[in-house]
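Below, subunit A partners subunit B and then partners subunit C, in two separate complexes.
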Partner chain A sequence: MRWHPTRRARILLGFVLAAGVAYWGLGLNLSGLLPKTGGLHLAGDFFSAAWHPAFGYESTGFVPAEAPSFLLKVLHGLWQTLEFAIAAISLAFAFGLVLGILAADCFWAERGSGWQVFRWLLRIVLAAMRSVHELLWALILLAAMGVNPATAVLAILIPYTGTLAKVFSEMLDEGDTRPADALKYLGATPLRVFLFARLPRSFPDITAYAFYRFECAVRSSAVLGFFGFPTVGLYLKQSFENLHYREVWSYLYGLILVVILLEFWSSLIRRRFVA
Partner chain B sequence: MEQPPSAFRLSRVEVQLGGNSVLRDIDLSIAAGERIALVGPSGAGKTTLLRVFTGVIGPRQGTVEVQGIPIHQLKPKALRKLRSRIGFVHQDHSLIPNLRVAQNVVAGRLGQRSLVPALRSMLWPNREELEEAHRLLERVGIADKLFQRTDSLSGGQQQRVALARALFQRPQSLLADEPVASVDPARSRSLIQLMVALAEEENWTLVVSLHDMELARDFFPRVIGLRKAHVFYDGSPQELDSTHIKELYQLEEEPHASST
Partner chain C sequence: MKGGNPQIDALWKSRPRSRALRFSAWFALALVGCVWMFSNIQVAELWNAHRLENLHRFLSTRALPEPLRSHSGESLWLWCNQQMQAYGWRGLEATLEISVFAIVLAGFFGSLLGSFGARNLMSAHPFVPHATAGHGDCSHALDRVAQAMRILCILLRAIPEYIWAYLLLAMLGPNAWPAVLALAIHNSGILGRLAGETIENLPAEPLRAMTMAGATRKEVAVAGIFPMALGRYLLYFFYRFETCVREATVLGMLGIVSLGYFIFEARAHDQYDVLLFLVLLGGLLVMLADLVSDLARRWLRRGV
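After this line comes the complex of A and B, so read on.
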């Protein structure tokens, strides 16, 4: 008897091989995970700080007298993080919706092939926008524009618009086509079928996904602080460099709290749309 | 006196889908105001025939006339205008689920209005439109559902909304493709009864495809039976005896079926 690998088995084998090649190529070694004694101390300090996050500055030596209290600084950092995220996601939503509609197949139903060429060019541009991560966009834009709020907003805006537009266009194309067909049967033009059936039908999905991306934008905004933008990431990095681990944990807990609150808010809104 | 044109008239129509003949050699004439049940096994071509009536599917051969107009000559715009005069009730899921019932009813006139007024009446239906929608929902027996989200209604109720949408459209004829296939038996009887009553009041030409032979017998003066892409029976339900029915629903022999 001969062994016939089924399609599924071949795919699985492919994944296992690819993983094996990656491990081998990186020279991964489990002993690398065992920390050196110094590292062990450092890790111990860092994680024990998790149990008592700071509520005030850990050392007042470097803090100017007129500086705000530490907790205010945490709140300020979180608020700035949100501000960057809101500025970026609101523009990304508007651009993403327009470009997503233009990139959807069903929007161009019964149109000439010239429009199909336009649609494919648009899809390529969208792919290029999202294939560069927001941190890389920040690096490129920093070189051109310097540390400036618009730089950070643009760095998030570009890849997020690309992602939102791609996902929105797929949601528009893949939903149930039966309501749209019904409008076609009663004499509606393709544009009307799109506006009155496809678009409203996809709206709950579009909203839910936009909320999820907002959450991602908050994280991106926080990380962009590492480049010097005044989000919570900047303060977190400074505290880390000063070995003020308890302050680091205060910022981390604050960030986790913000994401949980956002999740709570978005699930309330989602329930209204889906119920 | 000249005869008024048939509501639908097919001569020597052949339709192919994906290389298979789905309808062959169909000659049919349906007079304005007639009420017809379309019966036959699944895959006999009932859905295709109804689609041919609306011009959504074009025939490979033969001519299709609607109100005396040969529709294969029509430009897309004229074809849409013709469709806006034909109501169509689909099997299910033809309504936009996350809109209000009123919005789905008002959508009935989407093929007859220009874009901006159509948008306005979907987003902010005015008092007259709401009152009309309410009156129509009253006629189909679900007046209290005007502002409900459409997907919160049962399958039978949604079919009544689809009927109200067709009423709002003010068509000359109503086609229905298995409208009760997803509705439980007790409710499907009253839904067909309602459809026939509305057709009489509105003087619609009514063509309904059905699985239930009993419903066809009880409510329709003319029954058209399709079998293997052909018209197998066309006449009154009284003459449609049990041997006819047995033959109509007789399954194809196995070797024949697998050779296609």
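After this line comes the complex of A and C, so read on.
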């Protein structure tokens, strides 16, 4: 009896094959999963520290007397992380909304082909903006303009604007068309159809997605700390290098708490919009 | 907006309002205002003469490819070819392989996390209409499993890939596993949550019909939920694949030989022309992955 795989089975088989080729190409083997010598010890130390995160500096020897308490340092790091994320996402939301509208098909409905060319050029620019990772933008901008808090904001802002604009334009285009049609047949101009039927309809989706991206921006901002910006990533890296794993977990728990709070806030908003 | 029309006024007054939304909007505005007014982030700083001079110097010297800078007559094409031979192809291959392997792992574990975290599947009597449902004795245990899975998903994705990779690298040493595992862990958390949501949003009627025809929980999951949820899940899968490629590029900075490794090497040797070339190459790869994932999703929307 011959086996006739369904389309589903073939898709899944394709994934397994692709993973196998990648595994082979990377030269991986399962023994690589075992921690290297000393690594096991380190892993044990690290994960056992998860049960008792630090509430004060782990070694006070090198901490200057006038330094703030450890918990204040954690809070400060988290607030700085949020500051970069808020600054970046507020600008990215504004730019993304404008560019997203300009890149949406329905905004240019019933206009000449010249505008369509403009729309496609804009889409390519947006794709280029978001195809370079924020850390790479940070690397380039650091070399080009020097160290400055605004450099980090710009590094997050550029790719996030690209992503938000793309998704916003898709949301505008894929929304329910019936209200727009109704207004159109009542004689509204294309601009009014857009402003009063398209835009308000997709606003809940746009807000929800912006919130999700804010959560991502918080993570990006934390990671930028590894490059010397004063976010929680910088302190985390320093603690890890000093083998203060309990401090590392305090920072990680802080970051997780921020993400959970954001999640809570965004689900609150989403529920109100849907209801 | 006070027109003379009482009907419109009445409609305006009875519009849906939510205190939570209003509070959220003001709170968000206050946060943004607070950051722009009181923090040391000054965007205007970027446009002062000193920074612009830096930028100009960077673009006109360090960022220019070697043959253009030194006017050595060596062709630009040859230079690009050399970079491709030295770093480009190896970096591209490794980046792609890391992201493919990681996303398949994440897809597998994410679907497991999602299935065990879905509240409808993990209830004591899944998909049984309320009238005929018995009094569950194991309901609390299953609820707790589902809750634990959802919390696990949050923990997995709250920590950025980069930090996972940094931690794993210290434990496993420099090979490709830390990058693969970091991407797989973070994305399992994201896909697990999305899979759980997908399963919870499935139409209940077909699943209920299966249950009433005598299917067990396992049978409903395999024969009902899996085929119904796969299409939507794959949409998310491909969306995450695109992000995986982006992240895999960057994870090389930790010493794993993807494009990011060579980018970081170029930075360490102050070869910003090579750095920009490799960044552009990575950008092209991401755009390609973006295109593939877009096409795959369009194809999937027509049904699996």
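Rule of thumb we're sticking to: the second predicted complex is superposed on the first by the 257 of 275 C-alpha atoms of A that agree within 3 Å, B and C clash if a C-alpha of one lies under 4 Å from a C-alpha of the other, contacts with A are read in each partner's own complex, and residues count from 1 in each chain.
Here, a contact is a pair of C-beta atoms (placed from the backbone, for glycine too) under 8 Å apart; a residue touches a chain by one contact, two chains touch by 3 or more.
Predicted, not measured: the structure shown is a model, and the values here were computed from it.
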Query: Does the subunit A-based superposition show subunit B and subunit C clashing or fitting?
result: clash
- request: Determine, under the contact definition given at the top, whether A:Phe196 touches first (subunit B), second (subunit C), both, or neither.
  value: first
Task: Answer with first, second, both or neither: which of subunit B and subunit C does A:Asp105 touch in the superposed model?
output: neither
Message: Looking at A:Arg178 after the superposition, I want to know if it touches subunit B, subunit C, both of them or none. Which is it: first, second, both, neither?
response: first
Query: Which of the two partners, first being subunit B and second being subunit C, lies in contact with A:Asp45: first, second, both, or neither?
result: neither
Task: Go through the superposed model and pick first if A:Ala188 touches only subunit B, second if only subunit C, both, or neither.
output: first
Which superposed partner A:Pro204 touches (first subunit B, second subunit C, both, neither): first
- request: Please indicate which partner A:Ala128 is in contact with in the superposed arrangement: first for subunit B, second for subunit C, both, or neither.
  value: second
Query: subunit B or subunit C: which reaches more residues on subunit A?
result: C
- request: For subunit A, give the residues common to its interface with subunit B and its interface with subunit C.
  value: 273
Query: Which subunit A residues qualify as touching subunit C in the complex?
result: 7-8, 11, 15-16, 18-19, 21-23, 25-28, 32-33, 35-36, 39-40, 42-43, 46, 83-84, 86-87, 90-91, 127-128, 131-133, 135-136, 139-140, 143-146, 148-151, 153-154, 219-220, 222-223, 226, 233, 236-237, 240, 252, 255-256, 259-260, 263, 265, 268-269, 272-273
Query: In the complex formed with subunit B, which residues of subunit A make contact?
result: 110, 176, 178-179, 181-189, 191-192, 195-197, 200-201, 203-204, 273
- request: Report the residues of subunit C in contact with subunit A in the complex, numbered from low to high.
  value: 18, 20-21, 24, 31-32, 35-36, 39-43, 45-46, 51, 54-55, 58-59, 62-63, 93-94, 96-98, 100-101, 104-105, 107, 154-155, 157-160, 162-163, 166-167, 170-173, 175-177, 180, 227, 230, 234, 246-247, 249-250, 253, 260, 263, 267, 272, 275-276, 279, 282-284, 286-287, 290, 304
Statement: In the complex, subunit B touches subunit A at residues 54, 56, 76, 80-88, 90, 92-99, 107-108, 110-112, 115, 118-119, 122, 162, 165-166, 169
